[in-house]
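Shared between the two complexes below is chain A, which pairs with chain B and chain C, respectively.
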Partner chain A sequence: MRLRPDKLGVPMGALLAVSLALPMASLRANRIAAAEPQGLFAALPSAWAAGLLALAALAVAVALFARDPRLRLALPVAMLLALFVAIGEAGRTLAAEAGDYARVAPGAGFWIGAFALSILFTDAIIRLDLSPLGRLGVLAASSLALALILMTGQWDALSILAEYRGRAAAFWREGGHHLQLAFGSLAAALVAGVPLGILIHRVRWLREPVLNGLSLMQTIPSIALFGILIVPLGWAAANVPGAAELGVKGIGMAPAFVALFIYSLLPMVANTTAGLTAVPEGVREAAAGMGLTRRQQLISVELPLALPVVLTGVRIVLVQNIGLATIAALIGGGGFGTFVFQGLGQTATDLILLGALPTVALAFVSAVFLDAVIDLLPAAAR
Partner chain B sequence: MRRLAGLFLRLGLLALVLAFLLAPSAFRPLLEPFAPEGAPAIYDRASLLSLTVSHLLIVIAAIVPAILISLGLAILVSRPVGAEFLPLSRAIVNIGQTFPPVAVLALAVPVVGFGTWPTLIALFLYGLLPIFENALAGLTGLRPSVAEAARGSGMTGTQRLVQVELPLALPVMIEGVRISLVIALSTATIGSTVAAKGLGEVIIAGLNSSNLAFVLQGGLLTGALAVILYDGLGQVARLADRRG
Partner chain C sequence: MIGIESLTKEYGGKAVVKDVSMRIETGTITVIVGTSGSGKSTFLRMINRLVEPTAGSVEIDGTDTRRMKAYELRRRIGYVIQDHGLFPHWTVARNVATVPRLLGWGREEIEARVHELLALLQLDPDEIAPRYPHQLSGGQAQRVGVARALAARPDMLLMDEPFGALDPVIRAKAQQDLKEIQERLGSTILLVTHDMSEAIKLGERIAVMSEGRVEQLAPPGEILTRPASAIVESLVGEEDRPFRYLSLLPIAPLVEPGSAEGPAIGAERSLRDALAEMIWSGREALPVVDASGRERGRVTRAALIAAGRPPR
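Moving on to the complex of A and B:
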């Protein structure tokens, strides 16, 4: 029998091998000094480096030749964990040599290696053909592993956590603002969008103008919409009794909230209508034949059947809002964008990462979670 | 009658945008109420025309390679050779779309520095996904009877691709380009936070000096460009659909 290498294993194995030759970490004498790349053996004690190399060789071999999906999952997971622990170790090793102000960050080798392993990991999960609950389990286990690494202080010597320590209180406050903006505007869009979707499903001539109008709002660039809303909200705060007490202000969270709400409406309304339209005519007739009123038909038959499509709308909106909420920082609305834009202003990469990585992680977890929930719905509803 | 009205609306919007770009000062009275006392109502640090041109150039320079690459990838994974990669490529597209554009933009800065490059990279990466997804949907969603008929008439794999599958998938592919284009036009405005030349410069100048006139002209211009391009490509897709 001839061994034929796996088609995905070839490029990803090669990428993993190359990543080990690239600088594993970068060292700067202080926060703004130029970065000096550090190879695997410079960054780590030699036992660690050799162990990592051996594990990588095994991972490449499995990626190339193994057929069993469980083995194809186990090796990338082990190697990813080893890489994550090792980068913390590299931080301690390099910082101990270079002094108190030194900053150690993951280098190109780390990122490229982690990328190749994540692709192999994703591929193995697809080959395993996990159930939705299984996917949720993998998500929970990965989050737990990451939380453990963070809580045990394994990464404390890395520069992104040095940035975090300097502003831990601000980090959690802005994180809270970010969640309030993303989830709050989603809730508002649900409350307004689902009824509007039902309305334009029933009243056919309203459909085109409403959907076109909402599409038009989407073309306005987000930073402009955030800025334009400053005026009406500022006016409302000054002139509508009680508005200012509710926290409505021209700058800050209020215009950001309203802008996210406006962007959320189109996916919510369009998906509600699409879900209702897809309910088979026969089902509707059967419900009417059973003597259900129009209202009962909607609540106990049509909406449950439309639920997966509506939830797909929720997923689109949530992922989009988590991303767009970063823009709120430009108009004083807070959120993780605060760190991204501060970091861009100070050309401080670690500060950019402190804002960008949690945003990416939040969006990713929300998407995987909602995808699994949609797949968990009874098959009849899909 | 409706088509005539649509034509007038389109030409009117195009004329309005061109008039504003060529003679912005004629619109000063309209924008003056939104500018603070004594502040300029029309952006004056660079010509709006040149900013619009460089905004469009960045978008085109990012979207054209995105079209070529994602189309190539979609063709690859829809052939028997690449079929193994089909589920994985779907998963990567799905995950990739969860990355917020701002984060991609900000993460590109440490790698390539400030200026046009990070914006180009972010727009390119973000443009790939919708185009790939739609091209794939177009190529894999053909009715089996069509592929069967093409095979039965003795066409080779390449002939089937070029003469049957690609023309039939064209309208769906163009839809992906439309989505990518609107996202890119809007995301390019954020590029100005990393010093890319474009209409975002006007909006950000307006936010920094509380000059709503600037925010309005930058935002509405970008929005109008998006509507014109989205609508124009929609017409192209309709033509392709009729022919296909």
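Moving on to the complex of A and C:
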């Protein structure tokens, strides 16, 4: 039998090989100075660099030729862990030589290598065909590994964590705001969107106008929507009794919350209606014919059967909101976006990453988690 | 007894069912047969008020159905549809228990009833009850649909093309089983089909519907021998008519003393079966046995063909 290289293994193996030739880390004399790229052997003690090269060679070989998905999983995981530990080591090595104000950040080589390995990692998980609980287990293990690396201080010499140390309190506070915005607007969209979806499913002539109206709102750019909301919310704060006490203001968290809510409505309403429409006609007819009341038909037959599609809507909304909540910082709404915009203002890449990386991680974890939950529903309901 | 008086349904001024009246005696099977668009399904669905009549009334044992809440009425009427309509997210047991649960039966009573019904429909309760509908074959799903309709001992059973989704072999068996269950339980059944053979096989009375009207309501023999209109005649099918008629007549009255060669046939079988056997085995006469297997005499081809010529 001829050895045929794996389809995904070729580009990802090539990417991984290239990444080793690219700068592993970058060194700056201070926080906003120009970056000097540092190659693998410059950034790391030779033993480390050689070890990493050897492991990478093995990982490329496995990516190209291995068939066993367990092997395809094990090598990228080992290499990712090695890369994560090594970048911390590089931070310590370079910082020790360059002095107190120097900043060490992961370079293009690290990011591209980590990217290629993550793709190989997820690909191996798909090939393993894990159960939903198995996927949740992998998610938990990965999160735990990341937490361990952070807690043991392995990355403390890296510039992102230097940014974090100066703002630890703000980081967690804004993280809290971010979650409040994303999950709060999701909850509001569920409470309003599911009944609206049921309504337009029942009242057919309402369907087109409502869905078109919600689509239209989806097309308003978020910045414009913030601007539009300043006027009514400002008016409400000034004139509606109790509104100001609830935190309603023209700027800040309130308009951000309302904007996210408006963007969430279309996926919630459309998916609820789509889920209900997909209930087979025979099932609907049988439910009525058996003598279920209208309410019983909805609660015990139609909604349970629509649930997977409704949850898919929840997943879309949550991932979308976690990303969009970043923009809230523009109008003083808080969230991880605060660091992104501060970083943009100061041309401090590390600060931008301090806001961006947790946002991406949150969105990713939510997506994997909800996908697993949807797959955990009884097979018959899917 | 179900009394149907001048039942009419109009959609946008166009009548789909026009002024249909009939009485359905308790414990009988009435089959409504007609082409698609004849209004037969709409007629059936007016009985359990899935369709509200434009005019006319339905009485069940003297009570006008309009005086009941629609969902209460439906809980008293079993309903079986073509693609079985089982709830895909519920097990077979939960599906069969639908109406008893709505009526608030006790847990043990429901369990016993589900068990009893699955056994009645020749489904192994221990094996089938915990399954989900997508794990059943077409024939099993159809039986579960019937069990679900029978669960709360309804006053009557409405069946809308109940065997339409089954392949011919399973359909024949399902029809036979339905007939036996109906005889055992004494159920009142109103069944809709487009298949005249099915109507003749199952119906004690057949109502032929066309363009919203009942063309003829009569026992199957009469439908075959004295069709009331050209439409009924075309539905009966000129070339199939003699065979359908033979299929209604049992062998027993034609048994004469004497003997014949070859394997025997049961006296309770139809003349159509006997003719088929004669043609296939090239015999002029068949020995006939009764239910206990005792030889009773023979049936000859001449007697059979004479009997198959309807009285004029």
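FYI, the second predicted complex is superposed on the first by the 381 of 382 C-alpha atoms of A that agree within 3 Å, B and C clash if a C-alpha of one lies under 4 Å from a C-alpha of the other, contacts with A are read in each partner's own complex, and residues count from 1 in each chain.
Convention: contacts are C-beta pairs under 8 Å (C-beta built on N, C-alpha and C of every residue); 3 or more make two chains touch, one makes a residue touch a chain.
Please read all numbers here as calculations on a predicted model, not as lab measurements.
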item	value
Partner chain in contact with A:A363 - chain B first, chain C second, else both or neither	first
First, second, both or neither for A:L158, with chain B first and chain C second	neither
Which of chain B and chain C A:A116 touches, first, second, both or neither	neither
Touching partner for A:L225 - first (chain B), second (chain C), both, neither	first
Superposed model, chain A: greater residue contact from chain B or chain C	B
Contacts of A:V310 with chain B and chain C, given as first, second, both or neither	neither
First, second, both or neither for A:L276, with chain B first and chain C second	neither
Residues of chain A that lie at the interface with chain B and also at the interface with chain C	none
Contacting residues of chain A [partner chain C, same complex]	280, 282-283, 285-293, 296, 301, 304-305, 378-381
Residues of chain C touching chain A in the complex	48, 50, 71-76, 79, 81-90, 98-99, 102, 132-134, 148, 158
Contact set on chain B toward chain A in their complex	34, 84-85, 87-88, 91-92, 94-95, 97-103, 106-107, 109-110, 114, 182, 185-186, 189-190, 193-194, 199-200, 203-204, 206-207, 212, 215-216, 218-220, 222-223, 226-227, 230
Touch list for chain A against partner chain B, complex	7-8, 119, 122-123, 126, 216, 218-225, 227-228, 230-231, 319, 322-324, 326-327, 330-331, 337, 340-341, 343-344, 347, 349, 352-353, 355-356, 359-360, 363-364, 366-367, 371
